[in-house]
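In what comes next, chain A is part of two complexes: it sits with chain B in the first one and with chain C in the second one.
The block that comes next holds the complex of A and B.
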């Protein structure tokens, strides 16, 4: 596929997430744990240029907005706050599907500097899916007050992606975020991004499964991270194939055979 | 498979999207790599590996972990402790009500004086212009006077109560409240998160209903939505606070009185929570049966409240919002009341006829016809019950120039109120049908009018039942 056909195809998929982006603004997704100041960053970046609603077919709040930097417009999507991307809840499912299928040009993972470890959990999972990721270390002032010191340079070299310290409440770090995103888009920068490696047993299974997937899901070539997909299938994720059939549908009725694999809703009769 | 349209290759696979062919082949192959019963194990391994990696990176890049925040933890231990958690919560709420009760009196009086002075001037102006009597009546005695009541009676308590409540929110106290209540909700057979949606309801029931989205299970979400109305919202707090402060009196000092009034308001909040739990329990054992689901509740760190923002936000988002809504609903309601009061059939006004019609039933539950009528007319917004009630009393009997809470007290006493009427009115306000906005929100969130109607009837039935029992009990044994 040539470049413009590719972007048309991607725009079609993004429409499933209610994103109308015909002028091809760079798409930035905001991911992060709850209570990390993700929305503060979203508001700080977009100001009044935002509108809110629900995710298509879900009762989960969705916020979309845009900002302008050096004459260029950037489209920003605030994903639901989640602790992981394991599709345990509707929120996690939305965040995962968005990063996986809508393939944002940049994913900003907002982390709470006072609770680095738990927040890195999510960052590592996002990195497995996409390395076009930037980590924003928010609440740096609170960390400082608690006497927590973080070596940002060291963290960058560990994760192999940019890490931007921020105090979103005071607007600190927002300029740096805009500048970094601008450079990534303009110069087409790709990051290496640390990749998880698992036990030899799991790695062997991944290596074996990838060719099978590539052979049978040719339509996903260049559209999905095969290693990540293999991992999801190996761990028995019930939702991923259904999501694929949603975003790459063939014909409606036949899809019924594919297990819906709904998110487990505990306590429903 | 031959019938399948689309871009098929010879082996039944699709090149454009996921077809059953692709799906079945993948599922078949997957079994060779990993038997389904082993998948859980792999998942645990993967999650564990990511967890360890995160720990490793965190250890490498954190230079100092800081003094472990012992103070915060100690505060949390006290605020959420098994024995102290609840009393502290009630004390804090009581303290806020007390400040509101003590502080609202004087400005209320000043506002009333100013607004009714203005009414006089407007009347004079109208007469000079030669406006017909009926127009003057509707505009000044109907609309203007109701709005003056809304503003003078409701504005001061709101202007004090809302910033204080927002301060509690901003400090991060509400999640601790939810933490304290979580266990009770689980015992009632519902989701612990309902403690959070209930806390939201203290702000606004419509907002509380919307916040029930955080509950995934439809069954538990419905219970949270249906029972949200049992905690008093911002629109109903003023009624509770005002009635408590004018009817809960003793011969002791005024400080003692205000403390007592604050205690009564806290008691009503407590009754609301208890009814919420009881009804939730009942629903989860009858029409919405099921097991409660578990969840992890994270206590966010305490944050330094931003005083400036609190003042602005509570003023714009709450005080002005509630007041604006009240004024907007009160204006037409005032006109309706005036018309009802001034349209006569066989010598008695319509309002007296309607009130008289409602009277026998209202008496049973400790109210009178005018109070019940006020609740019905205030369906669009609970905020205007008291203003409508006053309009009802004043328009059908001798005109008075009400100037303060003291006069408010007199109006009510002159219309036969006792402390029992006050208690019954407060109780009815706490339990009766949700306001129009909340009902519409329920319809929107549940996708059907069915649950909105159900909530309407359930809450009203409970209100009538509780009032009936209380009033009959007190009449029988005490009075």
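The block that comes next holds the complex of A and C.
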């Protein structure tokens, strides 16, 4: 597919999420645990250029807005606050499907600096799905008050993505977020992003499963992270197949074949 | 000792999560990870769910979920 056909196809999928983006603004998704100041960052970036509503067919609030930086407009979507991306609740399903299928150009993961351990769990799950990720370390003032010191440079080199310290309440860090996103888009920067590795047994199953999936779901081409898909299936997560047939309805039959178990997926029960 | 036996205001360390599959992953995602300190904060009027403080966040578990988590009682600080 050539480039413009590809972006039309992507825009069509994004429309399932009620995103009308015909002028192809860079799409930024905000993800994060509940109570990390995600919405404060969203409001700080978009100001009054936002509107709220529901996710299509769901009673989950949705906020969308845009901001302008150096003459360029960026479309921002506030995803529901979640502890994980494993589709255990409607909120998690929305956040996961959005990052997986609407494929935002950048995902900003907002983390609570006072509670890193809990927040990095989600950051690693997002990274597993998409490495176009930037970590925003919010509530840095509260962390300092609690005597928590965060080595941002070290964290950057561990995670292999940009980490931006912020105090969204006071507007600190917002300029840096805009600058970083602008650079990523303008220069087409791709980050390596740390990838979790699993036990040998699981890694072997992943390696065996990926080619089988690729053979049977050819239409997904480079539109999905195959390793991530293999992991979900190994975990016994059936919602992901349902989501694939939702966003690629033309190929429902191919998905059904896997769903019915006609294709032997080693290790998947 | 199991988490559902932890009295309000008592502190413990999680030693094992006995759940399997998706439920296990769920509990781990929420922060119920072996080695983590946990405190029982309060009970709902019917005795469950019980609210626990774990990794800086308050989360409520039903009895049948709490029963899947093994703990070791710690002295309150």
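The working rule: the second predicted complex is superposed on the first by the 250 of 269 C-alpha atoms of A that agree within 3 Å, B and C clash if a C-alpha of one lies under 4 Å from a C-alpha of the other, contacts with A are read in each partner's own complex, and residues count from 1 in each chain.
Here is the rule we go by: a contact is a pair of C-beta atoms (placed from the backbone, for glycine too) under 8 Å apart; a residue touches a chain by one contact, two chains touch by 3 or more.
Please read these numbers as outputs of a predicted model, since none were measured by experiment.
**Q** Just to be sure I read the superposition right, which of the two partners does A:121 touch: chain B = first, chain C = second, or both, or neither?
**A** A:121 sits against chain B and chain C alike.
**Q** Looking at A:187, would you say it contacts chain B, chain C, both, or neither? Reply first, second, both or neither.
**A** neither
**Q** For chain A, which side has the bigger count of touched residues, chain B or chain C?
**A** B
**Q** Based on the superposed arrangement, let me know which partner A:23 touches: chain B (first), chain C (second), both, or neither?
**A** Neither chain B nor chain C is touched by A:23.
**Q** Quick check for you: in the superposed arrangement, does A:90 touch first (chain B), second (chain C), both or neither?
**A** In the superposed model, A:90 contacts chain B only, not chain C.
**Q** State whether A:222 touches chain B only (first), chain C only (second), both chains, or neither.
**A** Neither chain B nor chain C is touched by A:222.
**Q** So which positions on chain A get touched by both chain B and chain C?
**A** Common to the two interfaces on chain A: residues 84, 86, 114, 117-118, 121, 235-236.
**Q** Show me the residue ranges of chain C that touch chain A in the complex, using the header's touch definition.
**A** The touching residues are 21-22, 25-26, 29-31, 55-57.
**Q** Enumerate the contact residues on chain A facing chain B in the complex.
**A** 34-35, 59-61, 84, 86, 89-90, 114, 116-118, 120-121, 123-125, 142-143, 146-152, 154-155, 158-159, 169, 194, 196, 198-199, 202, 205, 208-209, 212-213, 216-219, 231, 233-236, 241, 244-245, 248-251, 254-255, 257-258, 263, 265-269
**Q** Can you name the residues of chain A that touch chain C in the complex?
**A** Per the stated touch rule, the residues are 83-84, 86, 88, 112, 114-115, 117-118, 121, 235-237.
**Q** For a test of understanding, state which residues of chain B touch chain A in their complex under the given definition.
**A** The touching residues are 4-6, 13-20, 22-26, 29-30, 33-34, 36, 39-40, 42-43, 45-47, 49-51, 53-55, 57-58, 60-67, 69, 191, 213, 216-220, 289-294, 298, 300-301, 303, 306, 445.
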